[in-house]
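The next part holds the structures, each set out as structure tokens.
Both complexes below contain chain A, partnered by chain B and then by chain C.
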Partner chain A sequence: MATDTDPEGGGIFGGEGETDRDRTGNAVVNWMENLSEAAYAYLLLLPATALLALIAFYPLVMTFIMSLQEDRTRGLEPLGGFVGIENYVNILTGNARLARQFMDVTMSTSFPFIEFGVPILQQALFVTLGFAVISVFFETIIGFGQAYVLDQDFRGRRWVRVAIILPWAVPIVIQGMVFFLLFQPEVGFGSDFMQWLGVFGADPLADSQDSFIIVLVADIWKSAAFMALLILAGLQSVDRSLYDVARVAGASPLQRFKMITLPLVLPALLVAMLFRTMDAMRVYGLIESTAGCTTVPSLTCLVVEAMFGGTRIYATAAAVAFMTALVIGLIISVYVFFFRDTEGGLS
Partner chain B sequence: MTDDTPPDRSDRAEQSAESDPGNHDAAATEEVPAHWHHARRMTDGGQPAKEGDVLIGEESDEEAVLDRGPFERWASKAIKNPERAYKSMFYTATIFFLLTTLFPFYWLLMVALTPEGRQQDIILTPNGFNPGAFIEVFEVLPFHWYMFNSFVIATASTVIVLVIGSLAGYAFGRLDFRGKLPMMLLVLVISFFPPAAFFIPLNDLFNTSVFLLEPITGDGTLYNTPGAMVLPLSAIFMPLAIFILTTFYAQIPEGLEDAARVEGTTRLGALFRVIIPLSAPGVATAGVLTFIAVYNEFFFSFLMTDGQPENWAPLLEGILGYQGQYEVLYHLMAASSIIGVIPVAILVVVAQEKIVSGLTAGGLKE
Partner chain C sequence: MQAIKDPESGCHAKMGHNTTGHDRSVSLSRRQYLTGASLAAVTASVAVTGCLGGARDENTIVMTGDTDFEEAMRGDDGPSVQDALWDAGLDDDITVDVQASVDDTDQRMQSYQSTLQAGRSPPDIFMMDSGWTLPFILREQTTSMTEALPDDVVDTVEEEYLDASLETARHPDTGDLHAIPLFPDFGTMQYRRDLVEDAGYDTSGWDTEPPSWEEFAQAAADARDEAGVDFGYTTQAASYEGLSCCTFNEVMTTWGGAYYGGVDTLFEAGDREITVDSEPVLDAIRMMRAFIHGDDDPHALDGYPEIAPSTIVQWTEEEARGPFAAGESVMHRNWPYSIGISGVEEEFGEDLGVMPMPYAVSEDEAEFEGTGGSAHALGGWHLVLNPNTERPEMALEVIEAFTQEVVMARIFETLSFIPPKVELLDEFDPDETGPVARYSEQIQQAAEDAIPRPVTDVWPEQSSVMAQEIHAAYRGVKSPEEAMGDLHSRLEQSEADVRGQDGD
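And now, the complex of A and B:
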């Protein structure tokens, strides 16, 4: 291309005053036109890199450095000297100065050889992992069902689609509010109903187990729609003629699902599950707006409480934040490891 | 299915004979298509859900209805034609999903319509009727102010993400350069971290006085300004947008861009006049997803302001604001939640086809 053309040359070449190069014949544009492809690429990436460096990478490095320092609860400076991985050790052994422990497990001599220092639903790691696994499991199944329905052609599909996708677009605080009100004993009938079933105790929003279930249901309600959206996108890219071939070959609907739909949707399904797991591991807003962080302590809850709980344990908060990232990283590697062979899977 | 054929066929034969009593030959020839017709139905008897096939009551190939009860009739048809069974399963599932997704909204409306202090045991109908709650919402707190803040923050973030993400997406999708893959992975890595991992240093950073900002924010800090939310939220939702835009931009044929360049467009001009307009569905998808994500975000919205509407506190602070220290205004919490959902609901109604097709064509297809 004529990137090396002299800008003044425009006049000589038949006097076309129309082109951009003539109109904006200033130094910056000329300089940009003359860059090599790689240099131009780096230039285009500069704004994104600058923003991400300032808002994402710099804080991550700082958080990591903070997590290696000592908590200082008195005095002006909240951070003390370098203590290495002491904060991490305290967190993993249940000795951190947190209101709720990250994990508090000790070996014991009798079956099952593991002892929980505090009830399991008061330990952030297990609450968060349990929440992620159970919610993603149900969301995948329900989301698949919803996507399957939305993939069919029927009258009024547009509106059914809007209705089923709608929970996904609901702000977290409103999602929390709906389920807070539903299970608030004074207002909602949810608690009465569950108590009648014998599942819930007297005050569900103050009971760890009951609140855990409430948070789960709330999350499934909203996020199944997200799953449905991503799976639907996968379903729609399946070549319809494959079904005709299967039909001619006499495949039953179940066989068609197992042999065509599932393998072809699997990449989209895995991406959706990965996104959802990452999101579920970061759960905070939903808990904060329903049961509260004391009842259902998630990993992010610990960080926020350590920062704003008035105890000024910033270094511990930073360490918990980094541990959370590590746990999420581990889960992602599990996904990538197990599904690396899936065709076109996790890019 | 085969043993059902004779009565059916004779039925149709009789019908056609009756319709044309004077001509027996015609009746005989008429019988052939009927027979044929049925045979065709048998060969595809097991097939569900061909496109446009699911509509109930749209089947033209139904045999003459005998004098049976509605359920019996339905059951026998379902046995003859499994299609119907699938169809009814499909409708059951659809209705179930519709009920479970929409009921919470309906119930929220019932709570909002119930006058204050009578919120016990609302299930399907409100205890009383008080649509005034939807006005009271704006009187007790300046809820419109909170919504405006959320709107500004979401719009600003979306614009920043789309502009910066477009530049990056163009570089990743259409240019060759060293270190492309590591850089893409680095961008992706950001979405692995919980917001909590960014929060502590960012909170410090936004509370640090920067001389340059003093004329704009007063004390020179970003805390309590829209910037304290727009910047982190743009950064956090940028990776997804970059990936969607990259796939879309990569699909535009090389020749179109070359043609524009030969015509004399600048490099940036080619991006903004050729690539972006041609990738409109992808840009729309990325924009809608970013807007909804920012509007819905909790973590930074909750922690980056002091909760005052004049300090750019978003929607979320407004909704939580009805939960005062001494009284909890349940009906206003419900009413404000409904009002808060309306903008995103409209967006979903307008853009649902775009979102799905956008995801199909872009992000997930690779």
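And now, the complex of A and C:
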């Protein structure tokens, strides 16, 4: 777009260079003003890039370097000698110095060829992946449903909108306390009710599986509203006349949804899902305020525990942190890779 | 699709228009944009730097603490700790400012960890939990009090303070004190004397001679049934530090068990016997399983009734105290603060009984050195000098003042913190200082039988592993043998990590 006009524009500016200098009296300003649109954009991006490099990439590199060293729990020096990828090997084989492991899987000769050292819901990687996939799936479905309802015209729509967005307004820790108390047998009805249904055991907040479900439901309850909002924004940008055309052409409601609504909303939907996936991969506060990190260990839980657990294992903490960044990066690149051709411009 | 393309092409047209035609308007907007942006940046940074900084009074010593301690220092409701410090000989010019932080011990540890790692001050004095002072000492982030304080002060502390507390404040290699205990704390067994008496038990001797665990459980069950209350016994068994350091440590020790083969190896990791899967430890778990699950549990110890709700596996201090305070439990294990709340006249008053911890194996019969008999988990807090302080002399003067009896008395009166010279308890009048002083005999006996947790540089990581496995065994997810077997191998790995480090 702009590039079409730039060479031309540059020529014009070049020709009038002298008059420009006369006008501003400043070579730097002149140079800047004579830049092409694209070059000027890059110039403006430079400070932000430098800042990003300083606060994001530099710590990441330092973390990686730390993670290649040895833990030292005594003495003034927090880190020992270079040990290569030993910390990563320990993390990936379930031998890290942590109460809950990143992953603890061994190969076996019989079906299904893998064995879990500890139950799968006590391994941070699988807890986090499972949480992210399931929560984003349900949040998208429910959020889409909510947005679809909100997009219609009906009496009292304003109130329904407020009601739907309400959970999103509740602070995470408050919400965590609500679910914590709900499942305290002496206080809330949650335990008895779920036990009566036969879903939960006697002490759900002490059980990894029950607690995983609790955290999951809490997150879906809260974040579906966020999804609904972003999808609603997408829905409202759809040109209504398209539906009229479709109706005249005899399209069924399903066809209208498949051929008009979905393709047009998809970019907004993908961005929303990307945000939610990133958020879900980082889950920590909700867990810490309900079941606790020992019962439901997420990747962030592991980093916090290694860093602030009390025993100085900074190298292990760095390795876990780097692995976490890597895992999240990989998941995000799935989106970028598979949806690069869509209109959302994720790539 | 058309709907989206249209606005985009509109956008193209607009931008093209701007870049080609009116170069003057472009240059102006660029310059204005830059000027505006940099002005905003400058204003913001000036505002931020203006907010930071701020000097403190040059005669103020900052120490960390919680909000209660902060109020006591200022004397919001009555005589202040500050006055007591001055009475104890602290220079009148020196004031102590308590920087109140969160109540949660883990979070306080985390914030101290970053403060010390960054070499920051203030605070000049830290209040550290006796459960995690040693890791800081081993990381050389503390100063030797034995060297820094005057000899006579050190001598008094060494002679008159509770030994078990001092052990958690010493450098294991040199034996020097690196912290000065502020107050010790002990797990205590509290009970409803009225309910137990009504069920036909004679509790007159329990103040000094506790029942066995078997008798205790029977009394709890009978009193519960007789009085129609919900529970016989509430305690803390969530998977957290309190389980490994304290509640299980107590039960295990009263069975003659130990994590590391006795009390001599508590503070030196790396080369010690791991005895978590020995028979006394397993028996302790089996008894707790009987308390929680009753006869149905194949791993429960015979002859012990079900007295505790299974929910204790998700309870810490306050959740466990709730039912007891509400009159719905006969027995309750907690720290003395709970005595201070439940022992007042408006609550249970004299009906609140406190007994030494029941036990199953006497000291003579215990398998491991120093275990058996009553055992009370040792808690409490220490004062630690920040090595980065800019005012070491003044800070030391403050620490010295804290070793004076007048200050300990004031702290007990205002906060019910037990003095580190435990005998001082005899001198307090319960009518003036609150219900804790009424149980001074039991608390002094608890001090004698105090069992510290095995704090080392790797204790925090070992503690969470212990809590996890003990928790799994309590809940019945694993058999006692399986859980303690797993724990054994995990602890072995952790001990090996420390050994490797010493080899360097």
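Here is the rule we go by: the second predicted complex is superposed on the first by the 287 of 347 C-alpha atoms of A that agree within 3 Å, B and C clash if a C-alpha of one lies under 4 Å from a C-alpha of the other, contacts with A are read in each partner's own complex, and residues count from 1 in each chain.
Just so it is clear, a contact is a pair of C-beta atoms (placed from the backbone, for glycine too) under 8 Å apart; a residue touches a chain by one contact, two chains touch by 3 or more.
Here the structure is a predicted model, which means the values were calculated and not measured.
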Query raised in the report: If you stack the two complexes on chain A, which partner ends up touching A:E305: first (chain B), second (chain C), both, or neither?
Result: second
Requested in this report: Could you tell me if A:G292 is touching chain B, chain C, both of them or neither one (first, second, both, neither)?
Outcome: second
Query raised in the report: Can A:A132 be said to touch chain B (first), chain C (second), both, or neither?
Result: neither
Query raised in the report: Taking the superposition as given, does A:A206 touch the first partner, chain B, the second, chain C, both, or neither?
Result: second
Requested in this report: Figure out whether A:L242 sits in contact with chain B (first) or chain C (second), or with both, or with neither.
Outcome: second
Query raised in the report: When both complexes are superposed, which of chain B and chain C contacts more residues belonging to chain A?
Result: B
Report task. Examine A:L264 and indicate which partner it touches, taking first as chain B and second as chain C; both and neither are also allowed. Result -> second
Report task. Considering only the touch criterion stated at the top, classify A:Y40 as touching first (chain B), second (chain C), both, or neither. Result -> both
Requested in this report: Scan A:T73 for contacts with chain B and chain C and give back first, second, both or neither.
Outcome: second
Requested in this report: Would you check which partner chain A:R282 touches, where first means chain B only, second means chain C only, and both and neither mean what they say?
Outcome: first
Report task. Using the superposition described at the top, list the residues of chain A that contact chain B and also contact chain C. Result -> 1-2, 16, 20, 29, 32-33, 37, 40, 184, 186, 237, 308
Query raised in the report: In the complex of these two chains, what residues of chain B are touching chain A?
Result: 44, 46-49, 51-55, 86, 90, 93-94, 97-98, 100-102, 104-105, 107-108, 111, 119-123, 160, 163-165, 167-168, 170-172, 175-178, 180, 183, 187, 190-205, 231-232, 234-236, 238, 242, 258, 261-269, 292, 295-299, 302-303, 315-316, 319-320, 330, 333-334, 337, 340-341, 344-345, 347-349, 352-353, 355-357, 359-360, 363-366
Query raised in the report: Touching chain C in the complex: which residues of chain A?
Result: 1-2, 4-6, 8-9, 12-13, 16, 20, 29, 32-33, 37, 40, 70-76, 78, 80-81, 95, 97-100, 184-186, 202-203, 205-207, 237-239, 242, 263-264, 292, 294-295, 305, 308-313, 343
Query raised in the report: Any idea which chain A residues touch chain B in the complex?
Result: 1-2, 10, 16, 18-22, 24, 29, 32-33, 37-38, 40-42, 44-45, 47-48, 51-52, 54-56, 58-60, 62-63, 66, 145-146, 148-149, 152-155, 158, 160-167, 169-174, 177-179, 181-182, 184, 186-189, 192, 221, 225, 229-230, 232-234, 236-237, 240, 247, 250, 252-253, 267-268, 271, 278, 281-282, 284-286, 288-289, 299-300, 303-304, 307-308, 314, 317-318, 320-322, 324-325, 328-329, 332, 344, 347
Report task. State the interface residues of chain C toward chain A in the complex, per the touch definition above. Result -> 1-4, 12, 15-16, 19-20, 23, 26-27, 30-31, 106, 109-110, 113, 117, 132, 135, 138-141, 238-240, 309-311, 313-314, 319, 322-323, 457-465, 467-468, 471, 475, 493-494, 497-498, 501, 504
